[in-house]
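Alright, structures below, take your time with them.
In what follows, chain A forms one complex with chain B and a second complex with chain C.
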Partner chain A sequence: MAKVVVVTSGKGGVGKTTSTAAIGAALAQTGAKVVVVDFDVGLRNLDLVMGAERRVVFDLINVIQGDARLHQALIRDKRLENLSILPASQTRDKDALTTDGVAKVIAELREKFDWVLCDSPAGIERGPAMAMHHADIAIVVTNPEVSSVRDSDRIIGLLDSKTERAQRGERVEKHLLLTRYDPARAARGDMLKVEDVLEILSIPLLGIIPESQEVLKASNVGVPVTLNNPETAPARAYQDAVRRLLGEKLEIVIPQERRSFVDRLFGRRVA
Partner chain B sequence: MAFVVLPEAPLGPWLAVLRGQIDKAPGFFNARPVIVDFAHLSPGTEGVATLLTDIEALGITVIDVENIGEIPCAAPFRRHLLGGRPTGAVEIKPTVRPTPEAAGAAADAPAAGSLPVEPGATPGLIVEDHVRSGQSVLFPKGDVTVLGSVSSGAEILAGGSIHIYGALRGRALAGAQGFARARIFCRKLEAELVSIDGFYMTAEDMPAEMRGAAVQISLEGGRITIAHQR
Partner chain C sequence: MSIFQFFRRKPTANVARERLQILLAHERSTFGKSDLVARLQEEILAVIRRHLDIDPDKVQIKLDRGDQVSTLEIDVEVPLTPAERVA
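And then the complex of A and B:
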């Protein structure tokens, strides 16, 4: 039974697209058939982060409007053959996402794949509403700061009221993914504590992704961070998050960069 | 506290907007005195003659008009003043002179204090979950009980008391229809604003030692009072 997951946040710039790519790749590495769908019509990014931008011919809007068939628009990842991307259109806007069109595309994707990951645009308007509408599971991406937490709270409210599941009287399974977590700043008290975020949002924690240069490096070369360098702290954090998503009970730890022998020799303190 | 509405020509669309507003927040104008200011209208404005009747047809209680000048407008004032409460002497600015009718209306209003606007036998509303940012719960008929928390940016408006079993981080407006004996209870006070019977207190004015505490909030002599739960 295919699962539709929306990666959403309300606020922009918290790491939705990076997380979609990283989680999509890590899921595909388990052997499942995965598609990542960019819902950010007009401001598409997922193709860049996935390194597929030079192979985009048709996009989600073409499929919705019947100008192209779904299989023509799907781009297969070069590194993992069971991972595909459905890009957004850069020249259109969110009004092109029709309710019926999106429903049809999602239904078709459910038949072809085990996991359908929808990368939601920021905001609470049509784009995000369409991205979350068919979701079975929501990954709420939040930074440990007050504005991001409040926006995530708003999104959780919408997940509980506006989605197809909510309208049927069922619940969307919700998980919190805390991104851009900086252990040094947390220790100094410059950031919201994990417990505070969890208390306010009261949804289960899927993982904590540390702030890291590796994330930026990976998006610049167009490779999901989990594939680019699987040994880095953020990559391991995403892998753990995926194992939890698949039902494993793993203790939540905040991954740190592994320090080299020389670093350890000199005992350089990070925090 | 009376509202002043400022109708603008053309009146058809203006009334439609007002109607939309009422649909969105039913009970917003309930029993609130409204004054209609004609400053933006002229005697020739289409529909001006029936304006007050049209506004009252929306369930709004018009108590007076301002800047009416030469505008021909039938004034079907009902002038029910409900939920009055004792206040100190009010200094009336010389420009706003109560008309004879308005003075009569004030005399008709029941003496404040003898006005137990009880929520009646209406069963309360129970919200099983958290009230998230951006959501509002409006229940002008009675008490609201929330089993979860009320998030920052969420609001609860109740005709009666408000009971929150989690944290209150948003707004809670109790006794919204003029029920001064309403109270607000919460397990953890981190509210942005609390209000009882129109009196309010913002987070900035809340005593620091009450933040994070389990409290009950009541109205004592016209002041919002926050106390630890017993």
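And then the complex of A and C:
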């Protein structure tokens, strides 16, 4: 049975799109059929982070309005053939995201794919509401920073009240993904610790993604970080998160960057 | 990574700059002009439909935006007419 996952946060810039791309690619690498859907109408970026920006013809709104068929709007990833992207519209208004239209598209995606990953826009308005509405599972992306934790708490409240599952009296399975975490700063007491965030939000932890230069490098070249350099710390952290999403019980560790011989020789710091 | 790749490697920031330049050039030129590609596709398919009965599900449209040229690829499955099918 297909699973619909929303990647959400409330706050902007915490890593929703990066995480959607990285998790989508890592899931596809297990052989599952995966689609990543951009809900950020007017400010799409998932296409750019996935390196598909030159190939966008149709988008989610075109499909909702009947201007294109779903298969015409889906872009097949060039690296993984079982990974597709459904881009958001760059030119239309987000009011074009109608409840019925989104429901139909999600239902059709459920038939074609094993995993439907919805990349939510920031905020709590129509876009985020539509992105989370059909979710079976929510990945709440949070930075160890006060405003991000507060906004995540707000989003958790919405997941428990406004989604289709909530309205049916069921629960959306919620997971916390802590991103941009710096263990050294947390140890010095200059950053919220994992336990602090977990205690406040009290949802289970899916993974901890360490702050890393590799994330920017991967988005520069338009490749999900899990594909761009699978050996790096954030890539391994996302791979672990995906294994937990698939039900494996893995101990939570924060992967560290493996320093190369040249780096060690010159005493280069790992960021 | 071999030492060879290490020296030949293009900084990722350069790749990012080039990708953005191409993307934004296209977005700025089409912004406000309501989906040129969608219109093109509509009109091209309308012409084909005047002569043939085609299934909208059997139409694939691909686009690749480049910095010099873009390619629009329209793949239409054309059904045989009954006369051709017999022959």
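In the analysis below, the second predicted complex is superposed on the first by the 260 of 271 C-alpha atoms of A that agree within 3 Å, B and C clash if a C-alpha of one lies under 4 Å from a C-alpha of the other, contacts with A are read in each partner's own complex, and residues count from 1 in each chain.
Following the convention adopted for this analysis, a contact is a pair of C-beta atoms (placed from the backbone, for glycine too) under 8 Å apart; a residue touches a chain by one contact, two chains touch by 3 or more.
Everything quoted here is computed from the prediction, not taken from an experiment.
Participant: Taking the superposition as given, does A:Lys249 touch the first partner, chain B, the second, chain C, both, or neither?
Facilitator: neither
Participant: Output check: A:Thr91 vs chain B and chain C. Expected answer is one of first, second, both, neither. What do you get?
Facilitator: A:Thr91 contacts chain C only, not chain B.
Participant: In the overlay, answer first, second, both or neither for which of chain B and chain C A:Val56 touches.
Facilitator: second
Participant: Name the contact category of A:Gly222: first (chain B only), second (chain C only), both, or neither.
Facilitator: In the superposition, A:Gly222 touches chain C alone.
Participant: Does chain B (first) or chain C (second) touch A:Leu48, or do both, or does neither?
Facilitator: second
Participant: Quick one: classify A:Gly157 as touching chain B (first), chain C (second), both or neither.
Facilitator: first
Participant: Is the number of chain A residues in contact higher for chain B or for chain C?
Facilitator: Between chain B and chain C, the winner on chain A residue contacts is C.
Participant: With touch defined as at the start, can you tell me which chain C residues reach chain A in the complex?
Facilitator: Those in contact with chain A are residues 1, 6, 12-13, 15-16, 19, 22-23, 27, 30-32, 34-35, 37-38, 41, 56-57, 59-66.
Participant: How about chain A: which of its residues touch chain C in the complex?
Facilitator: 48, 51, 53-58, 62, 67-69, 71-72, 90-91, 216-217, 219-222, 260, 262
Participant: Along chain B, where are the residues that touch chain A in the complex?
Facilitator: It comes out as residues 129-135, 148-149, 151-154, 167, 169.
Participant: Where on chain A does chain B make contact in their complex?
Facilitator: Residues 124, 150-151, 153-154, 156-158, 160-161, 199-200, 202.
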